[in-house]
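The first chain written gets the first letter, and so on, giving A, B and C; residue counts start at 1 in each chain.
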């Protein structure tokens, strides 16, 4: 992709993301109906749910990128994994912040140790560890290799973390249970979710794209510096 | 000391490097090397510190993967070789690869078992005798002097009687008589038909058995020729000259 | 599993055993640190209270976890001192056997230290640990296996980073959450005298976890020790 084409794509993504997010915001606050029991704070759900889904999608990309790197040894896959991990961590953080913000007014406590939220927390920690690993390995090839191994192990772990937390929950039920967010949603609310999801997905795509380019440029810089030193 | 003859005739591989490069981030350790080493050669790789000798030997030992270019053993690409091929290689690096808390004998027995050698115990005893280490067989590796450790490392590399010996500055820290003995032993290996590739940063060592001299400078091959007095002089001059 | 892998696994296991018999470093480190942590817990939680007895299952496994990190790092340090691990890459066999051998030896040393740690722990928290020793040992085995499976792998990974030993707990703790939960829950069932059928789900989870990750790590180990 040429330089100008890349710039145009970034611009398109940015504008699209802004439009979608702003309109989703409007929808969430003005158009969508107020939830019966939870009130206005429930609108944070339009950020919370898509962010959760996107973070999971991002970590799936890390998994695929890790496998592909080990299989093909093409650095592009490593760049994709690194970019996806960072995007995933950001959205994970959004979930972890919006969760308590929602829980406190509604259920009176900051944190509910329900399976989904806890799994998100552990997921967050796993991918922070992944990013720290990347930070502390200097050699690009070694970094790609080790990160790929951790990326694979981390992703395989996630369903096990979820299962463990789920079963633990049934053994230690909390006085309040974070009710199924997807159960019995008004169709107008579903539109809000989809719209918000589209906006955040575009935004995630933009972040991913930019980050990927950064990694590619870093590799190019290393190669140039190497040629200069010869 | 002389290497005991092995039951089967050694068949050293033919090695080809094509535009082989190895990078470590911004540092180029090996720069587009083109090299062909036939079977049964005794090659000395010379060069100053940082010239790329260690990297070259490690790449040949399959311990390091090249960043670019090709490495072929008997016309087969190195990355496609089956793990059994490593039986034909013997490598000595800067590190001893020994376990300090194990005795000389135990270290060798461990490697013999890893290689799947039949009659491991007897083989270990043989090699200990060959290297003159019988008296220290039950000493902890930690307690051995530098010279003895080097002999033990050599023993480890020799256990499976490889066809190709790769030695990275094996003479460092050894006294003159030990060095002499080692070179004589390597010459013996060469006479049996094995290939020997050893590196050094110093020409003072006796290079009689060497058939070929390579000189590396900043990862590039700047000299490649048979081992003659003239070649030795040229290389010596190049090594010492050019210092800022 | 080829015979090659079996041979390598056995050779590595025997070598680790020999080294440990001679130096006793890993066992001692795990035991002492586990003991110290247990003592620290008695200060944090009034040990004879009813509440403390309820959480003692969790405290036990926390002590095991922290001590295991220490032990795993120490065990792997043996392979890096003379670059011995790199020397193992010269062998004409599949390198996955190295992982399996080290996993087996780490598992053994950790288990032994944990078993020795149990009596003092039981004394501190006034627990009856030995009512059902078979089940107790099974839980210990499965839980420690999970910790060792990922721990052996990650100790090799962290040795390759600038943070060295510090990287291991960072990686290990989040990923072994399922092991911790399952082990703690099973232990609590055991300590509270409830029928072990209540822990069946947890033990199955542990077994599944161990099989999946032992296999995965065995397959991926090559990539970790390459250069």
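Just so it is clear, a contact is a pair of C-beta atoms (placed from the backbone, for glycine too) under 8 Å apart; a residue touches a chain by one contact, two chains touch by 3 or more.
Everything quoted here is computed from the prediction, not taken from an experiment.
Set against one another, A-C and A-B show the most C-beta pairs in contact at A-C.
Central chain (C-alpha centroid nearest the global protein C-alpha centroid): C.
Inter-chain centre distance (chain B to chain C, centres taken as mean C-alpha positions): 39 Å.
Chain A and chain C have CA centres that are 31 Å apart. Between the Cα centres of chain A and chain B there is a gap of 50 Å.
The set of chain C residues that touch two or more partner chains comprises 226-227. Counting partners per residue, chain A has 138 as the residues that reach two or more other chains. In chain B, no residue touches two or more other chains. In the complex of the two chains, the chain A residues touching chain C come out as 70, 122, 125-126, 129, 132-133, 136-138, 142, 145-146, 148-150, 152-154, 156-157, 160-161, 163-165, 167-168, 171. Residues of chain A that touch chain B in their complex: 138-141, 222, 225-226, 229-230. The touching residues of chain C, counted against chain B in their complex, run 4, 7-8, 10-12, 14-15, 18-19, 22-23, 78, 81-84, 86-95, 226-227.
Per the touch definition, chain C reaches chain A in the complex via residues 150, 153, 157, 160-163, 167, 170-171, 173-175, 177-178, 181-182, 185, 201-202, 205, 208-209, 212-213, 216-217, 220, 223-224, 226-227. Across the complex, chain C is touched by residues 58, 61-65, 83-87, 89, 91, 93, 95-102, 106, 110-111, 113-116, 156, 160 of chain B.
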